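Presented below are the structures under discussion, each in the form of structure tokens.
One chain, chain A, appears in both complexes that follow, with chain B as partner in the first and chain C in the second.
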Partner chain A sequence: MIVVEYFITVFDVILWGLMGASLGLALSWIPGLHIANLMILVLYATPLFTGGNEYAAPYFALGAVVAFSFMSSIASTYLSVSDESMMLMLFPSQRYLLVGRGHRAVLLYCIGALIGALFLAVFMTTIGVVVMPIIYNLFSPYYWFALLAVVLFMFLSEWPKESDLGRSGLERLWLAWRQILGGLLVFFASGVLGLYATYSGLIKLEVSFARLTPLFIGFFGLPWVLRNIISRRTLPAQDTRHVVETAPSAVINGATSGIIGGGIAAFFPVITGGMGALIGGHMASSRGDDAFLISQGAARTVYYTGALFFLFHPTMRITRGAVAWLVGGLYTPKAWIEFYYGAALIILVAGASLLGTIYMSKAVAKLLTRVSYAKISAVIAVFLVALVYYLTGFNGLILLAAATAVGFAAMVFNTRLSYCLGALILPVLLNITGYTDEALTLLGIR
Partner chain B sequence: MVTFFPPLLLDLINGVMWPVLAGVAAYMPDFVDFKFRKFLWRQDIVVDPAPRDPRTKLSPRRIKINKLSEAERWRLYYIRGYVGRVLEEREGFAKFTLRDETGEILVIARDRDYTKLRETLGSTIEEAARAKRRISISGFLDIGEDGKPYWNVADAPHPQLIANKVAEAIDRAYELGRMVTIKIHNIRVAGDFYRRFLVHYDQDNKRIIVYMGPLVSTGGLPLEGTEPPEYRKLGVAYTKYSFRKVYPRPTIIDAFSGPEIGYVKSGEVVEEVFIPWHRGFSHSVTASLIAGVVVGLLALLVGYTNYLYLAVACTLGYLAHVLEDQLGFMGSNLLPPLTKKRVPGLMLFPTRPGLMNFATNWLMLALMIWNLNRFSPQLGVTPYKLIRLSTVIQSIPVHLEDYALLGLLIAPTLLVYLAGVVDRSLFIRKYRAPGVEEATRKETLEEALEEVGGY
Partner chain C sequence: MGLLRVLAVILVIGGVVGVYYAAVKSPMPIVPIKDLENNILMNYATVYIEGIVTSPPRVDISGGKLRLTIYVRDNSSPTELPIYAYDPLASEILKQGVDKLPFIGDRVRLLIQVRVREDYTYAYLQDARGIYILSRPSGERVYVDSLVNIAQYSYVCSKGTVRNPRNVSAGLLFDIRTATGTVTVLVPNALYYAYSNELVRPIVGNLSLPGTYVDLCGVVYYYRETSPEIVVRELEEVRLPVVQPVLFTVIDIRDVPNYINKDVSITGLFYAIYYSAGTYYVEIRSTDEAFAVNVTMSRAQVISLLNPATVGWKTLVRINGTVTAPSMLRYVAGEILEKKDPLTVTVADALSHPVGRPLRIVNATVTSSSTVGAGNWRIYIRDASGSTILVFVPSSTVSELGISLPQPGTVVDVAGYREVYGGEQEVVVISREGLVIRG
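So, the complex of A and B:
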């Protein structure tokens, strides 16, 4: 009989988990700062994680990721406000903010995030133990097919927003297709940047783990922050009461679509939370602002946390998401108890993050109506640029500038920002279909 | 549908991408309608109750006083100028003149519109006049009892414009004997809010009634205190000819985009065809066959070995979409050119249409799991079937276990469909029972008015 020895203690789990949660709560409100970037900084810069207790890194990361799932709602609600004349459709969180209900948007998001965390912990340790390995084995040969299908679905289901304004049929058709073609352009431009970041050697080999950081900050963080500065928008006074009223149907519908979307994104490689949420929303026929915000909370939590939590499963051996790949280099689960401790930690940190996020939201809501929004945005912009420079050097800044331009293009064309994920998807699709060499030759990279 | 064909699954495993086309085919009916037909469809009458500013893409747009004419009556704009003479000002009412660089017009503000105007100005009209401040006033052109035009202060267009245009479209459809399509633009204002309005068809009295409602978010949430005052909530227009609306609920217009509504003469009445460019040929069995043939031929031309399987998978994928759409109310034109008109669908679960959608999605997922499970050993993905019910429930014979699994997987969908049938019969009993038609219509209208807000 083989006896697997393990030395994990509840103390380890709580200590490292809460430390990770503290980091996540402290920094995840910064727009464009993905938790994976933080983990790169922390896990590889701290000898404690690479040479000490082997349980430190996984539970620290799990705590940080759960906290990020909650706290990132601060950035998406308060720090990505837009001028509605610049966009043909605002996100519900932006709209709520503009009518003084930003805190309410965060509360709705947190409801979804909490349901998502509870569902994830309970499902994965009960039904999931039996079902997930079967699903994994059945679907794993077709992952790339799922990825391609999701990408095609994104383009096919794009909703033209400007076409109504055309006076003739052809003008309406052009206005509609301008947006769709703009989306394609953004996707391929992002894909080209992804190829450059991965294959060109622009980013030095020793920091290759951060090669996508300039791109993601450029796509999803900097354009919003710069737009905040340009539009010089002021915010109305925010209602910061901890009260939210919504229909039970919105909670059920939002949580269902979020869990489906987040589950798809967590399970299938390269598919992200936004793409998963799109499918989840279609499947559950999600309607309404409240349901949308709740679904966002559930989707992001199930996606980020679920993807990492797969790593703790001692028999499935699935590694999904950037954080899991980072931690996977330092940790391999040996016993089921590690998995169950992980589930318990998810619930514990979700509770703490809920409180942390609510109070942070209240503080930010008050701060933003007193301090210049443009000045706060300028400070964040400087921080993001400095972070990219610190991680990837001058060449990283070049990639950052290009990615910011692409992120702006997505806004100008009024297309989905998730097309920027072409940076991840296109290289993967080329790789799977065997066309990487041709593409690199065409781009002059090889 | 690809999962029904092991050769196509094998291609996917080997990185051959052709089978993805079956998935594309399944989405094609809506792609054709929403990306092409919608835009190219002929619009005979276009109603834009609140034209948008070309730069901000928000309503209202500025209009100069010399551009105001009968054609612009009841449309929401704003004028920018200086207060001239204040003829009358008291609580809840003001009458004054406003002049811009092109002319002068009489302005009337009443009820809540007066209060809102004062809030916007931060002063009385008298004070604004004395300060010689340049001000912007939103509203619409109307004609007074004395036959003279004036600017009515408002934050929404008058619904009479829309009622008149819908009535005109119905009469034109009868007289021309062909479909007449009206495009009604929606009203988008600052903050990404939309003005909700409702078109009610009172077929017994040959009346079109339009109700103007509050501002709502894209999710349909009304914004408190944005309902128009009573005097400009309602627009009523009479038609010369009888008309019929098949679906009992009124048409509600708010976020995303305004609808196109077709009217077509059918016998002695005019029938409403909601978004006439949708669910036509693209949503037919005929089109699904054509899609399969086209993709099959294309695949054959490029030398794809499994072109026949792919053609069948495409047809089935396309057909699955068409059939799924028959579960709702709108239906489609199923067998053109043999059939010419859209026939209503089964209208299952009319009170919870989203649930039908979810159940159908589950059905597709269930079929995928079932197929992948039974074909995996044959394809070399797994050495044996991963789900074997006969090992869990001994009484299931091995040769029937696949079918038992199928039954188990699709059972939730069948249950929802069954519930949908029950819900449908309850709905019909409520809305369509003979003798209660009038009461039903009233009830339906009341329900819709509640949705439009505040009635």
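So, the complex of A and C:
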């Protein structure tokens, strides 16, 4: 057995990584449980598993994050269901589900996630060792221009739609701009909530790191769960055979766009996987639901895992994403051997997560066709509300309610959910442009 | 679907309004620094802290952007919390001038966002209006000749000639050669950004020239907790001579007659003080005491450089000045090179010393005293030697003493120079340190 600095052994790394992966797999299927929220739970749980050994934290977290990258596809596929009238506006994963092929959507996603994980581990330990520090030094002064460009791109890419459906000019104008205006409403309302959560005493200081938890659960989880309860939907029987319909070119195209998008999101602060995937999709000119699902898997894995794995790079010294900030506060890997351990762990946990996700998908697909979908959603809703209350108290519930309204608006205006990330982006944009003062005064908290 | 959209908009507005009411009732708390340190759950917390700024603000370029750095400590933790502001906030703060710039010694309340790393904690300033200067060191202009035993964050002034100026990362560092010591001064580079170029350039330019006479005030900072220095807080607190700095040719004191109307720098022994018609003539002798020149000085200049109460006979000095006659210089600047303590003598000895000799008499008893003319004091003293001498305290010194005329029986220390006036032997006291009441 190889014994290295800080008394970390191969056995320790595997043990801690698999324990983190187990926790990640056990929790990541719950909708709305963003990785940052999940990490808070992981953080609370880490000492239980590792006996308080701080050197374990990075590997424990890395295992949990890789597992999350795979297993979160269960929530986005099975637990954010719409109805048939929305068929043309849905994500491919939801379309797959409504025709009984949810499991295939998960499989396509997992193909992308596996390729993303393998690429990340191989690239970072070979070319990335030399290239990444150079890229970091090259781009670091211009991060904020990239962020601004991405936000503009998000809005500009929402080309006016349905403009030919109206009976009068005014109606056509409204129909054309309805979705974009809805997007603006969601973006700025999210931003305002983000400012209140960040710059007021709403959230208890002891859990400052969870200040965005009510918002993320409200934006991305609760609206879908509530909709499931209200609509009392039933799902068609799901085909749970391990079969996918795709082509090698779609796999390559999807994986490439996902890796580009995930890479951009991992590298540039505040830009998230969804935003990165949007850019990556345009860059790789992705077409087709299968390529889209593969790209999502690759993008999310490269984004979440890559952002944390930067922390392991001994010469880059950058901290990206909520998970890395949490882990970095406990222990930051410093030696090359720790970096290589991390890369190997990514591959190991990716394999385990692939198996876990596939069988979880199969189980959930069967469960949802037998047990009341509304009841499962109700249980999840109670869990999410309880979690918010436990972490952030009564004020957190107020934030959760407001964020749920915003998430609901995103749903009914059929805008991109990523506009909800205005909660992160708007405060940062105000900060870098020097308008935080004015905004806080306007919001009555200065 | 249309109704749902209307409902969604109403819910969003209602939600934001609800959060607004909750937020205004939950003001940002003031948090002890101890609660932030090494607490990863406080990562990204936006809070107020309150404490003392412990070092001069520093400005540098980091990641291609202007960065302002300050350090704050409160009573809760022995550790300083580094706090950064990057552009555009850094420029905004500096643009608002020194009134908004947290400075060493200031008690401040700051709105910050916390970052917790494995082995240290730091924070980012959030906005300019989140900076509250609660109090800052101030007071009367107390002049010091050295910073020994002066408490950190004291507000003090000093004057003398600039020596050894050097640019350091924190700003312009130089020494002031005062009458009896050396004071280190830092002009922090944050001031370069807080003031316009038109104001900064001439002042920093002058302070970068060795030999410039300067009178300045600032806050005492113990660099690395051991080396005290005055940190200039406002450029308005720096007073420079109105004349342009000149270069002084270093010459041997014996060559003075050859440099009429030239600016020279000489070295010699402080030998005597004479007074005539409002001007003091300080005699400087060559080190072998064979050659002497007189340096014309104002009272303030004499007290600043060669106060008889603190600087002794035969102290080695450098004098910069203009040669106005074969053995006469007009003083511009000076410094002590090798200090001697004042020559302490008995009254009997004092009477035997020649006119002009700077000296000190200790533990003498006042035998009689009176006020004459426009507030001058005449005080007769006697000591254990049994002799008596007149101490003359001119009104200019009396006005600075802040005491009433010593009455017979009072024990005093006296320092000044020997003089004979109207046939009477006397010691003239020209500085407030020259008359000390013992009891």
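Here are some notes:
The criterion applied here is as follows: the second predicted complex is superposed on the first by the 418 of 446 C-alpha atoms of A that agree within 3 Å, B and C clash if a C-alpha of one lies under 4 Å from a C-alpha of the other, contacts with A are read in each partner's own complex, and residues count from 1 in each chain.
To be clear about the criterion, contacts are C-beta pairs under 8 Å (C-beta built on N, C-alpha and C of every residue); 3 or more make two chains touch, one makes a residue touch a chain.
For clarity, every value in this text was computed on a predicted model and none was experimentally measured.
When the two complexes are overlaid on chain A, chain B and chain C sit side by side with no clash.
Contacts of A:A247 after superposition: neither chain B nor chain C is touched.
Once the two complexes are overlaid on the shared chain, A:A363 sits clear of chain B and of chain C alike.
Here the vertex is the CA centre of chain A, and the angle it makes with the centres of chain B and chain C is 120 degrees, a multiple of 10. Of the two partner chains, chain C is the only one that A:L440 touches; chain B does not reach it. In the superposed model, A:A386 lies in contact with neither chain B nor chain C. In the superposition on chain A, contact of A:S208 is made with chain C only, not with chain B. Within the superposed three-chain model, A:G288 lies in touch with chain B and out of touch with chain C [touch as defined at top]. When the two structures are aligned on the shared chain, A:G169 is found in touch with chain B, with no touch to chain C. When the two structures are aligned on the shared chain, A:L148 is found in touch with chain B, with no touch to chain C. Looking at the shared chain after the overlay, A:V406 reaches chain C, while chain B stays out of its contact range.
Superposition on chain A leaves chain B and chain C with their closest Cα atoms 5 Å from each other.
Residues 141, 432-434 of chain A touch chain B in one complex and chain C in the other. Here chain C touches chain A in the complex through residues 1, 4-5, 7-9, 11-12, 14-16, 18-20, 22-24, 26-29, 31, 35, 38, 40-47, 63-65, 88-89, 92, 113-118, 126-129, going by the rule given at the top.
In the complex of the two chains, the chain A residues touching chain B come out as 84-85, 88-90, 92, 94-95, 98-99, 134-135, 137-139, 141-142, 144-145, 148-149, 152-153, 156-157, 159-166, 169-170, 172-173, 176-177, 180, 253, 256, 283-285, 287-292, 432-434. Partner chain C is touched in their complex by these residues of chain A: 43, 140-141, 178, 182, 185-186, 189, 192-193, 196, 198-202, 205-211, 325-326, 328-332, 395, 398-399, 401-406, 408-409, 411-413, 431-434, 436-437, 440-441, 443-446.
Interface residues of chain B, counted against chain A in their complex, comprise 9, 12-13, 15, 17, 19-20, 23-24, 27, 30-31, 34-36, 38-42, 52, 55-58, 185-186, 190-193, 217-221, 223, 256-258, 353-354, 357-358, 361, 369, 372-373, 376, 379, 381-382, 386-387.
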